[in-house]
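Can you read through this structure? Questions will come right after.
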Amino acid sequence: MLIKNSDRIVFAGDSVTDAGRAYPLGEGGDGLGRSYVHIVDNLLAAFYPELRIRVTNAGISGNTSRDLLARFDKDVIALKPDIVSICIGINDVWRQFDSPTIPDHQVMPDEYEKNVAAMLEKLQSGPRDVFLMTPYYMEPNTSDAMRARMDEYGAACRRLSDVYGCHFINLQAMFDRYFTFRHSCSIAWDRVHPNQIGATLIAREFLSACAFDFLHISNP
Amino acid sequence: MLIKNSDRIVFAGDSVTDAGRAYPLGEGGDGLGRSYVHIVDNLLAAFYPELRIRVTNAGISGNTSRDLLARFDKDVIALKPDIVSICIGINDVWRQFDSPTIPDHQVMPDEYEKNVAAMLEKLQSGPRDVFLMTPYYMEPNTSDAMRARMDEYGAACRRLSDVYGCHFINLQAMFDRYFTFRHSCSIAWDRVHPNQIGATLIAREFLSACAFDFLHISNP
Amino acid sequence: MLIKNSDRIVFAGDSVTDAGRAYPLGEGGDGLGRSYVHIVDNLLAAFYPELRIRVTNAGISGNTSRDLLARFDKDVIALKPDIVSICIGINDVWRQFDSPTIPDHQVMPDEYEKNVAAMLEKLQSGPRDVFLMTPYYMEPNTSDAMRARMDEYGAACRRLSDVYGCHFINLQAMFDRYFTFRHSCSIAWDRVHPNQIGATLIAREFLSACAFDFLHISNP
Amino acid sequence: MLIKNSDRIVFAGDSVTDAGRAYPLGEGGDGLGRSYVHIVDNLLAAFYPELRIRVTNAGISGNTSRDLLARFDKDVIALKPDIVSICIGINDVWRQFDSPTIPDHQVMPDEYEKNVAAMLEKLQSGPRDVFLMTPYYMEPNTSDAMRARMDEYGAACRRLSDVYGCHFINLQAMFDRYFTFRHSCSIAWDRVHPNQIGATLIAREFLSACAFDFLHISNP
Amino acid sequence: MLIKNSDRIVFAGDSVTDAGRAYPLGEGGDGLGRSYVHIVDNLLAAFYPELRIRVTNAGISGNTSRDLLARFDKDVIALKPDIVSICIGINDVWRQFDSPTIPDHQVMPDEYEKNVAAMLEKLQSGPRDVFLMTPYYMEPNTSDAMRARMDEYGAACRRLSDVYGCHFINLQAMFDRYFTFRHSCSIAWDRVHPNQIGATLIAREFLSACAFDFLHISNP
Amino acid sequence: MLIKNSDRIVFAGDSVTDAGRAYPLGEGGDGLGRSYVHIVDNLLAAFYPELRIRVTNAGISGNTSRDLLARFDKDVIALKPDIVSICIGINDVWRQFDSPTIPDHQVMPDEYEKNVAAMLEKLQSGPRDVFLMTPYYMEPNTSDAMRARMDEYGAACRRLSDVYGCHFINLQAMFDRYFTFRHSCSIAWDRVHPNQIGATLIAREFLSACAFDFLHISNP
Amino acid sequence: MLIKNSDRIVFAGDSVTDAGRAYPLGEGGDGLGRSYVHIVDNLLAAFYPELRIRVTNAGISGNTSRDLLARFDKDVIALKPDIVSICIGINDVWRQFDSPTIPDHQVMPDEYEKNVAAMLEKLQSGPRDVFLMTPYYMEPNTSDAMRARMDEYGAACRRLSDVYGCHFINLQAMFDRYFTFRHSCSIAWDRVHPNQIGATLIAREFLSACAFDFLHISNP
Amino acid sequence: MLIKNSDRIVFAGDSVTDAGRAYPLGEGGDGLGRSYVHIVDNLLAAFYPELRIRVTNAGISGNTSRDLLARFDKDVIALKPDIVSICIGINDVWRQFDSPTIPDHQVMPDEYEKNVAAMLEKLQSGPRDVFLMTPYYMEPNTSDAMRARMDEYGAACRRLSDVYGCHFINLQAMFDRYFTFRHSCSIAWDRVHPNQIGATLIAREFLSACAFDFLHISNP
């Protein structure tokens, strides 16, 4: 498994990550909120009790990439993490469609790619592993305007992962596969905020990328 | 205009109609809730102050056609309305997709058509005008599984309107046109519960079917 | 229609405008509050979906013209609006009658006219269109002391509209016409704060002054 | 003074009387609510400490004369009062103007007069003194439609007081005199529910009718 | 009457005066709180509608004379009152008996007399009339330790009134007379905070000292 | 000690006993409320851990002896207690002084003595020990009217204890002694409801009557 | 895997199962509560989207085996489950130690075994699979009195599983192994109610007993 | 008794001491919170009414020795106490076991001993008596990892008490004795926060160390 004893993992993002975490620091049981972050923590603690892994939720609801970049030094770099995972961009796109009359709230593709690049630049020297999750829209129809726009942001993530040597996690593709079995409304009413099943799906995707072993059982 | 002085209009339906109305009787200002019903009432009172029209909201959140039929005598017929408008069926379909493991909450197309037919049968002798609004799903992609299923229920409404001589209001078609301009997430996060813009759109559709005159200004 | 694509409209005023808007910025769905402002927004979005018009509610409950002038640069000018609408003065008058012993809360006619003139002066160079709504008292009896005093403030608005070339909106006259059909208590218990019917009446008056077309239906 | 030691006084009415009294019995300090009833009680206790007078508030918010008649045996007669004061009718009229489309909530003049007569009939044998207060509308303009209608109900009270030998208290006339000095909005925002100044005015009117002596000071 | 048109009256004190008043300024209807201050205001407005008298509640719950002196410039002098009434000292004494182990909360007789003298000194040049009310304890037994101590503070008030030419209001004596008729627990459970009957008694005492005329009825 | 292993003790009374206990059964930690009952329980558990003693709080706030008698079979006898302690009568007296105008709420001495006698009669065959606590008024001045009246009820308790062979607990005398050291307002603001110091005093009095040994320390 | 498409699984138990589930039926997303039941549901839905499995939480906080037996027909049998899992007994034991003085709340070992046997008897004909989880106490020290007592109840579960052919799940043994790595206070502050890590551990234990495959990934 | 008239006692600690005390100063009735501190105060006031002893609760929930040291000058020394009692260290240890992944929240034995030594150093010159209570864990099994660790902190307290001449109070030993009679869950669900019985046990231990006399009864 990529995650080692004594590692500190910081998850940065928006409401998909935040989900009611404690402030100022999202740590410790309920302090982790109810997103995929607490499920990652639960599974690590349940399957690998012999390891001490510190998990921190650094998501803030409503953040765009612009907001996250502005607080990245304070909320991520300053924690000296061993592993960082970023999931940002949904609000950059969403505001273009649910608030079409308010341009200040929107972040266009060019700026998005620059913002995320600036974060990855800051992570070059510190952590051992960096994960970049695509933003997603739980809309299987790729010709939907918002989905099509979201795919541009996902493509930027893939390009940036290649450039900066991050682990690339394609949440959009994972949800697309899932929706061949069940309708997206069984995971999220608004096609963005996953329920606990959806959070479990994201957590599994992250842990798979870490080569987590679900058959691992420690023996005293 | 189809609506006459002293008419009583009863709107039956689910949460799209209910939207926080008063119980047991949804009447009188805030008692009308925040759905299209209060917008219909506001526009009637603002543009036709010379008429006295009683508007009653008889929607109940979460209702399927099965639930509405069970209370139809008490909540609609007993009020002796001059005009009745029905908008039901969204929950019949939704539960098939967001709760796929709980069949008791789902109402299949055959039962739906029988339920609505039973309501229209009860309305044959009393009210002067009956309106039947299609259930809808704010998903423009007609090959989406839930949308495709919703269209079956809409088609049933069209058939029933022909058989029983109702005014047919195609909310699905109206929203489809609107989404050629704006994305559905600007009207509803969950593609079902409209915000006040969406409620205004439904109210306009109903009033158009009533031949409401937006240029009407009474002169003392 | 006077309102163009990409316009930003700012509504300044008191509780008649505010009505529960979001702070610090009254924008975006429920953030617009429940006054005529959200009805203007709903009707624009419903009838003109092809336009992107940004609507901002800058009312603050309890404001007199003195209070509004003090915050006018920050809350109105700084937003660089294309269109501004002002409705102020009710509290200037009301405090003279409901708090006769507390002179600091009252604004007399001379100061009122100077305050509003100062606002209009600030608007000379920026926005394309400025609307000035009269304050009103929903009391049809023009010899009522408070109504008579309110009419002085309305007359000031008419004079100022002429001097500064504003669109003049006579809400008092509009309500007077309405009350030939229905009693004022059907619109407001306190003859000041309109319910949703009254808010619809004000919105219609504003939109009429903008040459809004209720028959406008965009065709894709 | 008409009120004697050991008397029980029951005040029957609507929200003007109720004003937050305790249920089921409006007695004892805060249990008396915040209407004129508690001011009557305070003044009796402060100026006549040597007397033991039991004051009961039997008002219920929203009551029309129809509602009060239906509960009159249980809430008034059963208490075996020595003195009864009735103030009813405002809602009978108000609903005609603020809810013009809902006729069930309105009580017309004929029914009103019959309802109050039926109450007075029940009081013929029990109490020593009966007071009938007119309903009122704090609108000095007697040509206002609601005021004019209210005056019909006040006139009925005068007729009934003559027939049944009640003490007649003309609250409408009292308020009319007061409004020659101050505007009605200094007493009530909705022209119906008096603030504590207005409650003091009603209490003084009742006590004057009882020949209460404000100069009375007991000497031990 | 000592009180003239356009007068501003400021009442300074502790919780007996405060009683839930608005902050920072205790004015205007419910803003006056529920102590004797609002009853003074109600009676002035009800009996003398032709006068405009501004009443301000400047009591703060829990204040001792030390606390009041510290805020006297800001809360009393700065308001430029025409009439000032002070009722302070109860907490100075009470803390000696309910918190015997916490000396910092107690104010001894010498300090009390100096504190009140300092306030009266500040009032020498400004207001036309100054009233000094004794602190009191609703305990008729003058040999009770706390009552005996309170009487020392009342005696100081009498001395100071003589020295500074204030109107002296002996609330303790007034309550003593009242308790020859009724037990103190009918006015206050804790023998300090009066209910509305007790507040009426204090208000009457103040108004009597002002030569208020309860028979005064203005004629338009 | 009179209390034995496995005993069930039931405390019956009014708000002095109740003090926020759980309903319907006042047992188990916070369920015992905050009166002397929980202090008795705490001290028994702390000093005698080797015993299992079940303590039940059966007080109900506001009860008079009339109320307690009416529920005595259900709330006391049916629990088959080994020990019963009764403290009742304060409200019987208090209502005569704080609500002098409402005779139904008052219980006079004759009825009181009959009510308590009827309770003691019911206890003749069941419990091993019965304690009767005097009602009290924390007023050291025995010529105070309410105190003098309370002493009549206390004398009745003494007579009844003799007749029925109860343990007599003179709370009034205990408080009288205490108030030679501290003022009653350090124990209760209203001279009735004790704070935790006062509750400790009552608990000590009860435990002394039970021959509780404060020096008892169990040795394993 | 033992669980098949279209199965209904009902989990019966106490607060460890309940954990905030919906009433009357614990189903559907948040309706499942926050115990191991929702984690079972999340993992089934995430890893086996091709199956439709209905999960019902029938736990009620505070239940002993006596309480569960009394409602077993209504809450379990009537749902016609395919799979039933029972986890009961913790409160049977706990009340013996935290409420030693209240015997009615305790269930002794003999009664416990009879109660669970009666439940298993009822399940003989209906469901395909029955799971019996041991009650547990997160106390690794087997000589602790409460742990030792709990082990008697766990032993009864093992005997009953043999007799009735249930799947036996030894939660106590699972937690014992876990606490060789981490202290019990990292899972539960009170050694009974697990946090989300502990709930994940129980869910894994149940799913292992069902031969759930964590490597299962459906391919469309 | 070690405690003298006019003494001020300050109790410093964590949530075991705090327990809902008032801020900024934990004094005066409910201001003392619900821990052993208010029981000490109640017993002193009940048994020694002739003494005036000021008791201050300076505990803050969640504090470790590091936190307490940081505020010791302000919260303890500045109050110039005659007697100081410290109970700290539980959180130092607890965080090592319930938050094993978050080292910043933990205080290791060496630092603990230095922190407490620094506090005792500050107390060398001021107070007459200093008490040092051991931290404790209500776990009788001394081989439990957290208990074993806690015993190291308790041993440090013993060493420091010898060095600095403090009164040493062994709470751990006291609870150990108690749990030979009753299970720890009857005192605290989490083995740390005592209920009122446990608070009584701590209070008794403190008072015994002060040579408090439970047989002391003052005679006037």
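Note that the chains take the letters A, B, C, D, E, F, G and H in the order they are written out, and that residue 1 is the start of every chain.
Going forward, contacts are C-beta pairs under 8 Å (C-beta built on N, C-alpha and C of every residue); 3 or more make two chains touch, one makes a residue touch a chain.
All of these numbers come straight from a predicted model, not from anything done at the bench.
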{"item": "Reaching chain F from chain A through chains that touch each other, fewest steps", "value": "2"}
{"item": "Each chain counted as touching chain D and chain F at once", "value": "E"}
{"item": "Pair with more cross-chain C-beta pairs in contact, given F-G and A-B", "value": "A-B"}
{"item": "Chain centre separation in whole Å, for chain H relative to chain B (CA means)", "value": "66"}
{"item": "Euclidean distance of C-alpha centroids - chain A vs chain G, Å", "value": "33"}
{"item": "Centroid spacing, where centroids are CA-atom means, of chain A and chain C in whole angstrom", "value": "45"}
{"item": "Chain C, residues touching no fewer than two other chains", "value": "99-100, 182, 186"}
{"item": "In contact (per the touch rule at the top): chain pairs", "value": "A-B, A-C, A-G, A-H, B-C, B-D, B-G, C-D, C-E, D-E, D-F, E-F, E-H, F-G, F-H, G-H"}
{"item": "Sites on chain E touched by chain F in the complex", "value": "94, 97-100, 140-141, 143-146, 182-183, 185-186, 189-191"}
{"item": "Contact set on chain B toward chain C in their complex", "value": "29, 38-39, 41-43, 45-47, 49-50, 177-178, 180-182, 186, 195-197, 199-201, 204, 214-215, 218, 220"}
{"item": "Complex contacts: residues of chain E adjacent to chain C", "value": "27-28, 52-55"}
{"item": "For the chain H and chain A complex, residues of the former touching the latter", "value": "99-102"}
